[in-house]
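Structure in structure tokens, see below.
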Amino acid sequence: MKTYTEDKKLTVVADDMMLTKDMPTTAGSKMLDGYMSLFDSEALARLKDAGYTVAAKAAVGEFAIDLLGETNFKGAPASDGHIKNQAAEMILSGDASAAVCLDVNGAVRRAAAQSGLVSVKPTYGTVSRFGTIPAACSGETVSVLACDAEDCGRILDLIAGHDDKDGTSLPAELIAKTNEAATVRKVAVLASMKKGIGADVCEKLDAAVAVLKANGVEVDEIDDSVISASRPAWNALMSAELCNNVSRYDGVKYGYRAESFTNIDELYTNSRTEAFGELLKTAIIFGSETLSTENYMKIYDKCLRVRRVISEAFGKLFETYDAVLMPATSSMSYTEAEVKENKFIAFEENYYTAPASITGLPAIVAGGVQLVGRAFSEKALLEAAKKYEKEGK
Amino acid sequence: MDREILRRLELLNQLSLTEQEKESVIAFFSDREKDLETLDAIDTADVERMVHVMPIMTVVREDKVSQIFSREELQAAAPETDEGYWCVPKVME
Amino acid sequence: MRYETVIGLEVHVELATSSKIFCSCSAHSYGAEPNSHVCPACCGMPGMLPVVNKRVVDYGMKAGMMLGCHINRTTTFDKKSYYYPDLPAAYQTTQWFAPVAVNGVVEIETSKGKKNVRIKQIHMEEDAGKLVHDIREDTTHVDFNRTSVPLIEIVSQPDLSSAEEVEAYLERLKTLLRYAKVAECEMAHGTMRCDVNLSVRPEGSNKLGVRAEMKNMNSIEAIKRAIEYETARHIDAIENGTEELRQETRRWDDIKGKSYAMRTKETAGDYRYFPDPNVMPVVIDDEWFDSIKASLPEFPEVKKERYISEYGLGEYDADQLTKSIALCECFEAAYGVCKSAKDAANWMISEVMSILNQKKMTYDMLDLDGKALGELILLVSGGTVGRANAKKILAAMFDDASIEPKAYAEANGYVVSNDTGMIEAVIKAVIAADPKSVADYKSGKEKALMALFGKCMKELKGNCDPQTLRKLLIDSIS
């Protein structure tokens, strides 16, 4: 169901990982409080060219690695003791017809799942990352959050396409493959990916399965072990890349600079220490350690190889199945209390989002659950999701 | 993870953690131990590393010059500049 | 005891591309206004993504081939992290795992003969910015113009053993890279920089001594002085125990003629390299490889041999001309027009090179149209322009590349006259004004004829064939 009125159809919001030249872009960090980019991100520029208005920026957690935005330096929106995602809230309140967000660690997908919205994380390389705040470049993807699959597809069509300014942007002829007609006929549910989910999520999963089956889609529950290893591998890769990407914020060129320092190292250390939050600091330290001389082969290189194993495991599944159905979250809401208690919950909860992050495969969240498919199958996935998207409400 | 390694990591990353942050980082690392076991259990002996998820190669551009922004624009948000330079406390070499 | 010095070099060379390695800013930062060649990427702002400049790979490959390296057909870029104000993103994109070229060899020649220096690898990377320390006392000023200018780092094996060998090696690198036109290699401009890894051990020992890495030498002379100083310091420490040698980085102070240990951080050297997810592997297919191979210049030795065997030049002339690719190209173009290798070589060596020397320009800075030089040579050999006037024309050509010798000679009255009547009139006047010289010549003083000849030539502004003038002059006196 659309939450917006027709006059808002061409109005979108962008999350604060998307650079905008007419509004500050903070990446949810005190480090970039008030930071004005000199240029727009490519995805937003394409929307503007198509006559769209980017009305506002939605808060994200610091560098978008948390659950839903709760680590934002200004605090996260919450209601009834449950944490909320600001982009999702803006859509639910009818402020915009969609949100364009950078999916770094699954926050966009969790937001879609818990707020009854639909999100599409397209195949890596189909939407330019030019003009996004870099966090975990090897897997992060510009994604769309909207009321339904139709709106997701509408926005995706406008932002997808080759971009010479992004060296990982795929050639136009590959991106065109997303338009090839395809139907989801066979879906696998992975037993291992159901681990840890609550009854509420289980219900959503069952509901989606039932609708798919009712629509003639064959659904098998199968065993798989290796895809569930995505989380630890992604945590290491993401943290290492993040550590490197946020090293540029040092109080010299722009952004936050500490007031007190007597030499260059104090300038760096005080600025970073004062401006960065705890989750980010932890990820930096962890990422740095995975890249150390002692650990590089043991951890980082290992994770790069595990990434291929996981990728190939998906490839094997896709020989038989058109898509894999899995949860996007362990529960349909997170309380403020549990997030406060477990500061690193995002590094556990991304169990469900890491498989598509680490492989770059397209993932659609609808009806509170996630459908991961072959590269370039996002349109087919969106069509399939239309069948059960209302189950998420 | 021990205190000495953590101290080095703080130095290396220009961070100074509070005592409480140090404790939770150490706890975070101990949680990751189990993760390492999960990874170790996967046989990757004959597997090539996968840096890029999409198999495209050789993305290059022509050697052409273009200047997009002026120095004034680029330094608009600078904490400190002087005579067109960014400024930092004296660096000893 | 006798000692031997073991030296390996890390040579950074700026590649002569138009734009930077990962962004489109101009790569020509030398002497530019601070921070005038920068973009969001060069000043570490988020959002721009690196896209590799193809010419950097072309030049990297070319350099590798010139230095006898194996070219890695799949070459990748990696990130190297450290904090320093000249590094705006706090990481440098370089090549750690699969550099463009490996396992090369460069032959050098010194007073002790020929020797091979092995090249470990050549990798492509981005340069850092520049720090200026002398504008304000309490502040370091940062200029990112040089940030991301493409570099290759040429890493040698520790095969060098003296300042003389190091000089020969560096000169050889310069020559080869300039021949391939991939780099300027001018230490004074910072387009070639060199770090020296040096250790000393008893002669014949196969165990390496404690190694010092020396930085901040800004000329080959400074490098030689630094090597002499450092070798002596090491020997002194070993023999007399004056200090305990440490593996360290030392900064050369060329004014004081001393090296100093640099302050190093505890975390120095912990660079956390990892493959750059934003830069796809560069795969060099056969077509690309072959096109670069085909574009390689003739090596200096091959050229020299050809100049001797094919053009009939003498060893000395061939050697002089092949000192620089710019000289070779000018010579070859001039020869193509004038068809006399001897004349072309002559003009190159006795005129062109000496003008360069007078102007304190390097041979590589020669920017003379060789075809125009060939035409000038033809004008002289054809008797249209006298040699003295031809030199004036050449000097003018150095200042103005658009000058066409023939038109210039005509416009400036440098064309030899064939009007014997006019020449005879001049001779008559000169003889009449200088009866003493005439008498001297008649009494057998050959020199007197030269004086008269000179006076006539001067009157004729050089526009006379010397043979004709001489003949007419003798005829007139007799």
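For reference, chains read A, B and C in written order, and residue numbers begin at 1 within each chain.
Assume a contact is a pair of C-beta atoms (placed from the backbone, for glycine too) under 8 Å apart; a residue touches a chain by one contact, two chains touch by 3 or more.
Values in this document were obtained by computation on a predicted structure and should not be read as measured data.
If each chain is reduced to the average of its C-alpha atoms, the one that sits nearest the average of all protein C-alpha atoms is B. Among the other chains, the CA centroid farthest from that of chain B is the one of C.
Centre-to-centre, using mean CA coordinates, chain B is 38 Å away from chain C.
Rounded to a whole number, the gap between the C-alpha centres of chain A and chain B is 20 angstrom.
Taking the mean of the C-alpha atoms as each chain's centre, chain A and chain C sit 52 Å apart. The residues of chain A that reach two or more other chains are 38-39, 138, 164, 167-168, 243, 247, 250, 252-254, 264-265, 268, 288, 304, listed in rising order. Shared interface positions of chain C, defined as residues touching 2 or more other chains, are 40, 43, 45, 51-52, 83, 85, 140, 142, 270, 272, 275, 277, 279-280.
Under the contact definition stated at the top, the residues of chain B that touch 2 or more other chains are 12, 14, 49, 51-52, 56, 59, 61, 68-69, 74, 86, 88-91. For chain A in complex with chain B, the touching residues are 35-36, 38-39, 123-125, 138-139, 164, 167-171, 174, 226, 229, 231-233, 235-236, 243, 247, 250-255, 257, 261-270, 272-273, 276, 278, 281-282, 284-286, 288-289, 298-299, 301-309, 311, 343-344, 347, 358-360, 375.
The residues of chain B lying in touch with chain C in their complex are 8, 11-12, 14, 49, 51-52, 56-69, 71, 74-75, 82-93. On the side of chain A, the complex with chain C involves touching residues 19, 27, 37-39, 41, 129-134, 137-138, 164-168, 240-241, 243-245, 247-248, 250, 252-254, 264-265, 268, 288, 291-293, 296, 300, 304. Listed in rising order, the residues of chain C touching chain B in the complex are 17-19, 24-27, 33-40, 43, 45, 51-57, 74, 76, 83, 85, 131-133, 135-144, 216, 251, 262-263, 265-267, 270, 272, 275, 277, 279-283. On the chain C side of its complex with chain A, the touching residues are 40, 43-52, 79, 81, 83, 85, 88-91, 140, 142, 270, 272-275, 277-280.
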